[in-house]
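In the part that follows, the structures are each spelled out as structure tokens.
Shared between the two complexes below is chain A, which has chain B as its partner in the first and chain C in the second.
On to the complex of A and B.
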């Protein structure tokens, strides 16, 4: 094949193109190099391609079977209890689901969402750093900010699927069970707001940590540490102050929740949506404003840190 | 060939980092073809490539790649240029096909075209059944082929190859050099290839650009680097203590020739014309000595580095040899 000269090979190729059916049997065509004259779709398309690859990668699609296990397990773990809740409610002929949508995420969903984001954020960022693939991306039409945006969007979208799917199961189940449409739609919307905020805030924290280390294990541990441990610490401090040391309502101790991203989202959604919460320390309007500002600051700050991180590569 | 527009043109390109000046007033033009960018480690090769890709702003000066401004049209440049990095850059748990398809799409190719081009280009670089296996199990030679394939997959007009033969055994090196020649001759893609190994460039490149300490040392055709230079090596008998050398040197100098001693009892005489041969023969015979060696001296590209670049004498020699080719400096 290689010792055949290119000139006849090229004409062979042209002949085959002209008359596809006329080629005699048993001829091996050495098609020489063919250039590419087609469209080049540029930066926006490349960024979207990176987003799609990231989103698929977050669920292990297009990668080895082993890398699908954990994300799919988390997706199942966060969704199956919702299916269970729906089944019980319908069988029992109840007028309402036993859990509200935002509450489902805050109680059942939180840990699985945290494990998912901790495991998959390093898949999106640390691997590219570790295998030095990042410079290859930057030798393509995209710019550094496109890379950061595509990866962040991919993780947020993946998180939206993980947190949104159980809510969808609850909602569809409630409608199938003939429960109140207006009430369920309204609270499903609140649940989606919570899902969006969890996705954005968790992704922001996780991406900053994942971008700091090429070691996936470190990334996973650090993200879990930040998301889970701060939640526990905040709850302990608030619990001690509110329940044990002082018991004058939701004030000083409430601010302890500021250190925990998950609590901030939870409290903010409860306050804004006017959901009564049993747990002590739901902030007043001032608290809601402060928590809201913290969410914005976390997300914007993380984006700027990521841009800065990739400026030097 | 010199009538074609240059693929790369820089004008007084300077890049300063806080501690070091990586590029210093670099002005160079690169014509289509296979061009070697030669320099020792730290000479500024990688910095130049980064600036040419529009990834790193120059401190001062300007440049163009394929007629596009490096300061403002980086994205358009990167669409038409391929880049093969020096370091390992392949994720081990992905197959070559998947990886190259992804990189093709990152260059803006639609999904179908990306798959077709990937199949084509992997075949051209010599990867067949292995392309479906995860790249973690590849040999160094196969990895280098994938790296080359991802640089070619979008049919660029220019590829920048950073040390493509690094870590390859002699056979793998020859194959890679063959591929590089093929990229230009058969694919019609211009190549800028960096290396600090000169021997392989003599065989591969049409043109060499030599930089050192961020400055242009020389830019000329490969032929002019290896062409017969205007020097004759002379060695005579009865020269154990070097006194015969001195006598010959004095006589020849008196006859108006430029002579300088080289290592190993050899005199280097500047060739002024055919008469020089006769003059040397007669001079040696007059002194009653025997002529052991009288030969033309060939410049090897490697001498650029063995001669200390900073010395003006060395630079003069380099410039003089460059003149016949009509060079930019």
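On to the complex of A and C.
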């Protein structure tokens, strides 16, 4: 040690007091570490960082190439048909797009949005549970509710990008193709409403399931099972009492769609926006009110379940 | 076959609360069958109903999903958490490990899908058109093929469940709906083709000829098992998730 005045050894005095001549064993030097005195960014900053990391992680940004493949593939799979629709409409010089905005999400987009949310919700939650990193988050200034809020917001935002991008492509394509501005803007708005509801409802279902299992595979299969199987079951039940499986009767059996999250959103949007639907059998205005209530109950319920889940890790 | 490996695999697959997830399939099938036959009236087309519950819901959706959970569950969970190395370190040929795990997967999918299909078919339509038997056999074959295919995926990729979902839902259902040729390469259609031969003529429609279906099924099951053995022999464990 050359400049002892800068780094005074703590035990110099003690060593000198001890038996002179004996080699001091165990010396602790003060090498000048200092505590952090600057500004601290606090809870809000930490929560925002968690949100940004979650959103990037949902698309595999900042991760290995292999984890980018699936989310990007889904994003492409949901957007490319929209580009195709626009191209065909413009080439053919048509006055309208061949598909309406909410209908595009309900028919073409649904499966890809479901796969995206099923694959990425466990990426956001299960890994933290499995590798026990959640306690590390809670050793920072954020509280449990912040963690849940940031993760939920990240997944909803990611879903909004996935469901909103194809609509944007359709809308811009329609405007560039010189189609009716007012009509397209109005229906684009309806599409965005549908996109928002799909994002929120699917995220709610997916997050609750993902938070329940540390195994990613089981989580993915369970989310997909819930989203897809309920839809098929609802269709079959609705067809049952409509007499045969044509499901053309607007009767009590259409309430069966209550069990399927995707049908609930689809039918709610169609009813509220007054769209003619490809999938008939929507209950009337009462149905719309009940479906709307169910959406709210589902989302709020899922959020409360998540908060409860993370109360004790 | 190795009984110890089989026992451990069964415990990993059905132990703790995981059996509940698998139980959803038989419960749902039977529940739908009971509800449907209870609420059906005289003018309800029972044949249509059976086809839609056993065909669309059962063979079309639940069997692939079950095959996915079971096929990947028997091996990829062990690869994921790294405990597969303890199994690979034992003096067991890799093909014994794979065939044992495949046998467990196939038997599980038979118990959880084929048996309830038979019962649901009998509840729904009795023995008319031999529909119940036909769908049961179709489910047996398709369940075995799905198990073999998804077991291979579990060895090959970390994203086995997602890739399997993409195959089962996007390829078989979505692409198969629009592109007729895609149905030739669909386990579901092969199962349907065998079911069609058993049922009364015209009761079930399938797009693949019986000979082709049987040949393709055998090829897929044998080839995926062999390939899974080869891949397991040179397995690299990576922690990248």
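Quick note on the criterion: the second predicted complex is superposed on the first by the 269 of 313 C-alpha atoms of A that agree within 3 Å, B and C clash if a C-alpha of one lies under 4 Å from a C-alpha of the other, contacts with A are read in each partner's own complex, and residues count from 1 in each chain.
In this text, a residue touches a chain if its C-beta (ideal position, glycine included) is under 8 Å from a C-beta of that chain, and two chains touch if they have at least 3 such contacts.
Just so it is clear, the model here is predicted, and its values are computed rather than measured.
In the superposition on chain A, A:141 makes contact with chain B only, not with chain C.
In the superposed model, A:119 lies in contact with chain C only, and not with chain B. Of the two partner chains, chain C is the only one touched by A:236; chain B is not. Look at A:70: by the touch rule set out above, it reaches chain C but stays clear of chain B. By the touch criterion defined above, A:225 lies against chain C but remains apart from chain B after alignment on the C-alpha atoms of chain A. In the superposition on chain A, A:127 makes contact with both chain B and chain C.
When the two complexes are overlaid on their common chain A, residue A:49 makes contact with chain B while staying clear of chain C.
Contacts of A:36 after superposition: chain B is touched, whereas chain C is not reached. Contact with chain C, but none with chain B, is seen for A:215 once the two complexes are overlaid on the shared chain.
Applying the stated touch rule to the two superposed structures, the overlap between the chain B and chain C interfaces on chain A comprises residues 64, 67, 127. By the touch criterion stated above, chain C contacts chain A in their complex at residues 18, 21, 24, 28, 32, 35-36, 39-41, 43-45, 48-49, 52-53, 56-57, 60-62, 65, 68-69, 72-73, 76-77, 80, 158-162, 165-166, 169-170, 173-174, 240-241. Against chain C, in their complex, chain A makes its touches with residues 64, 66-67, 69-70, 77, 111-112, 115, 118-119, 127, 215-218, 220-222, 224-225, 228-229, 232-233, 236-237, 239-241, 243-245. Residue ranges on chain A touching chain B, taken from their complex, read 6, 32-36, 38-43, 45-46, 49-50, 53, 62-64, 67, 127, 131-133, 135-143.
Here chain B touches chain A in the complex through residues 53, 55, 74-76, 78-79, 81-83, 85, 87-94, 98, 102-103, 105-110, 113, 117, 120, 124, 134, 150, 154-155, 186-188, going by the rule given at the top.
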